[in-house]
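Structures follow.
Shared between the two complexes below is subunit A, which has subunit B as its partner in the first and subunit C in the second.
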Partner chain A sequence: MTDLPIVGFVGLSTALLAVGLFGILTRRNFILILIAIEIAMNATILNFVYFGAFSGGAGGLSGQAIAVVLIGFAATEVAVGLAIVLALNRLKGTINVAQATDLKL
Partner chain B sequence: MSIEELAFLALAVVALVTAVAALLVRELVHTILWIGVFFVDLSAIYFLLEAPFLGVLQLGVYAGAVTVLLLFGIMVTRKRIFSREAATGIGAVPFALAAVTFIFAVAAVGELPQTSQPVRAYDPTLLSENLFGTNGPWLLLLGLIMMAAVAGSIYLVREGRE
Partner chain C sequence: MALSFVVVGLAGTRMRRLEWGGWVAVAFSAAAMVVGVLIGIGEMVNPGTYTDVRYTWLHLAPAPGAFPNGFSLVVGTLVDPISALMLIVVTVVGFLVMLYSIGYMHQDRGLPRYYAELSLFLAAMSGLVLADNLLEFFVFWELVGVCSYFLIGFYYEKPSAASAAKEAFIVTRVGDIMFLLGIFLFFYNYATVGPVGSGGWAANGFLFTNGNAPYLGAALGTGNQTLLTVAGIMILGGAAGKSAQFPLHVWLPDAMEGPTTVSALIHAATMVAAGVYLLAVTSLFLGFTSTDQLAIVAIGGFTAFFAATMAVVHPDIKRVIAYSTISQLGYMVMAVGAGFAMVGLFHLFTHAFFKALLFLAAGSVIHAVGTQDLFKMGGLKKTMRLTAAAFAIGGLALAGIPPFAGFWSKDDILSAVYSQLGTHPDYWPFFLLAFVAVFLTAYYIFRAWFLAFSGDHPRDPTLPHAHEGPWVMRVPLVVLSALAVGAGLLIFVPGFQSLLLSGNGAAGIPPMYGTTDLLLSSASVALGAGGIALAWVLWGNGRVFVLSESSAAQPVRRLLLDRYYFKVGYDWVGAKGVYTVARAADFFDRFVIDGTVHGFERAFAYGSDRLRRIQSGVVSDYAAYVVAGLIALFVLLLIVAPYLVAKIGGG
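Up next, the complex of A and B:
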């Protein structure tokens, strides 16, 4: 049976969440923001998987089941995000979010 | 230190480096390459956690579909595929947020038990029973949401909409 330190996984997913947060807050390109969201989302999915793997019983299995559902959600989110990218590109000629200010008062 | 712990350490370092590199490189196509390596690395971590089904799903959905989808996104929105992004500085607020997150992470990690714990392997048959039995309604809901998302995406990108 494999033995692994849980502290490493917690550290990794927190660091990945921080990297994703940093990307969401600092990048201006819509595709880069999507990628940053994906990194943060992957940190969340990793959380479900390792807490599932370290806990026994049906609860652990639910962790993996939720991870499967979350991977589906993340793929859906990318598809919708790219549709927004295309619409933004058609409307503005750029995918820089700093120029998408139509809803500003 | 066991071989599994060494493998996890190496995979964790690669995951962090590729995630940071993906957000910091100037060319968007290189970003996609880095994020592809990141997704493959995470699937290796899932295999290490004895979750082979999730590892394969990660390879298929993320490393395969999402990466290609993002590449298409770049392809159709730029005149030149290999064009550089303008450099953006790190503002004070994002930097402070990242620093606070990091401090909280270090504090939280210090509280956790430092010993290694056994990883429990689950039979994929049990996982599918859980997924389609107990969590069946949620899976159906996921299907509905995905269908709505596809319809919404088509509505967003359809011709003649201004």
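Up next, the complex of A and C:
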């Protein structure tokens, strides 16, 4: 694995992050935004995996461990996000975030 | 020793806002009295001991320049001869006045307020007496000042009471500022002075003592003498404000607008004595230069005479006693100035009892007849035998007739000052003034007595039928009468005597007793008796002495009634001088400071009006701002910062 350049891996996760950010910024559908957030988050998790593997040894294992924990976090986050989607749908009858502007004064 | 903490602790928790708070306050002040008297007796058994419990509250590390030795703020309690003496006065009179209040104040509204404020006052006064350093002293000094303000203005719906409260506060504030300046100057001078290796007196928190003796010890009085003199004058100014000495005396007569009980406790026995106490503490622990001493003697002697003259003509029973208080405080100040701090405090001790007695007796009269005008009273001795007797005892003590308390202490002062005349001939005029004031004192207090009590019937027939108050009012009168007779004789009790002697240790000269200077004593007693006799001739038996309109003395009378125009003068200064300054300050405030503030306000209002438009409420927009911010941060960190670092060439 060490023969592969780290730039490639980091490039992959950067690309994933860009895709996710693009989704977050352009989509109006709450569920699509959630999916985009998941993509961006996976970029982060991938980083942990790469750098763990590159550093090797005990530090390497801890990188994999954090990745597993983060996957758990991502799951809870999606659960909360979907709950918000349901609540929003019940409240507004839509899940279009452009119409949920109650934060505005 | 922990007991004194109990005093302070109890006093603090005494503030119960309950309907029966009066009795709670009485109970707690009784407990405080027991503790206070026990401490006093303890100090008499072991005279000259210094018991100091203290904690460093805040310590500043040494800083070159400002605090070469660092600086500590200390909180502690100190029991030494002088504080033990004061503690007895404060707690005993405090308890008796609390008890008396139950009867005197029973029909007033706002009683919880009254008892809470009175309790707070007692707590603050105990703290002041027990403070072991000058800064802590100052804190309690201000606390008693504010309690005095509250209590003078107790009848705040009365405009005269409200303005008297303000007057008292503002006038004493002048003194307080001077006191604070005095502390600063002493700090400046003594910041590096102290026992070797201990890092200086002021740096160690302005302590009065290092455990068994005054802290400064051999270093006392070293440093810039001019600076020390100015500092001493500033301390004198603070004391003059609190003790209503000339020229800051104007507030005390007006302070009589408060309840009579308050006048007895605060404006006769304890708080106004704090100024004398401050001078005594300062003279024992810091020392005064000889110029300061002359100034103190001058102020004291002059005030003793000056205030007595005003008491001679006043028609209001409480104000007569108030002027008398100012005059007696003048005696104490004079004694401290002459170097006999303990003699002054001894007079403070006896004065507290007989003056509280006079006030409470006057309060009893006011309670019964509902007026303070002496010319409406008369013949009250028939219906108020106890009060008449109590007032007479207080009057005899004040006039300095043996064996009543005032004789011993006032004579001590006169003979103490007399003993200094050889080395300080410039004390002469003030000694003579104080001596003449003995005559005036006897005259005015018995004028008041004859006007109120002698004769057949009240001069104003519309007065209600007078009667004695309930037992809670009579008991304090009896106890204080006993003290007014006996407190002076305490000087023959060995323990008390050594308490006074040990307290004056730093001055190195023992106080003298009236018996040592027989001629002087007899002269002052003769003057006192003469004053009483004159009062009887003019006012006795219901007579009223009316000065004819054409009399040459008429302008003098008017001058005295108008208080030498001091109040008018101060009002004029206040109205013209201060108002002009205030107008200028107001202009500056409105146009420069407010202008700046409003300018900022307008800029922000405009800016925020613009900014709020970007708040769309749409989540995606916010997310976009976050990303934009992130990108800006990256640009800053990765491109701009390295560029700047390369440009400046830093590490």
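As a convention for this text, the second predicted complex is superposed on the first by the 102 of 105 C-alpha atoms of A that agree within 3 Å, B and C clash if a C-alpha of one lies under 4 Å from a C-alpha of the other, contacts with A are read in each partner's own complex, and residues count from 1 in each chain.
Basically, contacts are C-beta pairs under 8 Å (C-beta built on N, C-alpha and C of every residue); 3 or more make two chains touch, one makes a residue touch a chain.
The structure presented is a predicted model; accordingly, all values stated were derived computationally and were not measured.
After superposition onto subunit A, the partners subunit B and subunit C occupy separate space and fit alongside each other. By the touch criterion stated above, A:84 is placed in contact with subunit B alone, subunit C being left untouched. By the touch criterion defined above, A:6 reaches subunit B but does not reach subunit C.
Of the two partner chains, subunit B is the only one touched by A:46; subunit C is not. With both structures placed on the common chain, the touch criterion links A:14 to subunit B but leaves subunit C unconnected.
Of the two partner chains, subunit C is the only one touched by A:97; subunit B is not. More subunit A residues lie in contact with B than with the other chain of the pair subunit B and subunit C. Put simply, subunit B and subunit C get as close as 6 Å, counting only Cα atoms, in the superposed view.
Overlap of the subunit B and subunit C interfaces on subunit A: residues 21, 25-28.
Every residue of subunit A that touches subunit B in the complex is listed here, in rising order: 1-12, 14-23, 25-29, 31-32, 34-36, 38-39, 42, 46, 49-50, 52-56, 58, 60-62, 64-69, 71-80, 82-87, 89, 91, 95. The part of subunit C that touches subunit A in the complex is made up of residues 612, 615-620, 623-624, 627.
Of all residues in subunit B, only 2, 4-5, 8-9, 12, 15-16, 19-20, 22-23, 28, 31, 35, 38-39, 42, 45-46, 48-51, 53-54, 57-58, 61-62, 65-66, 69-70, 72-74, 76-77, 85-86, 88, 90-91, 93-94, 97-98, 101-102, 104-105, 108-109, 112-122, 126-127, 130-131, 134-135, 138-139, 142, 145-146, 149-150, 152-154, 156-157, 161-162 touch subunit A in the complex they form.
Contact residues on subunit A toward subunit C in their complex (touch as defined above): 21, 24-28, 33, 97-98, 100-105.
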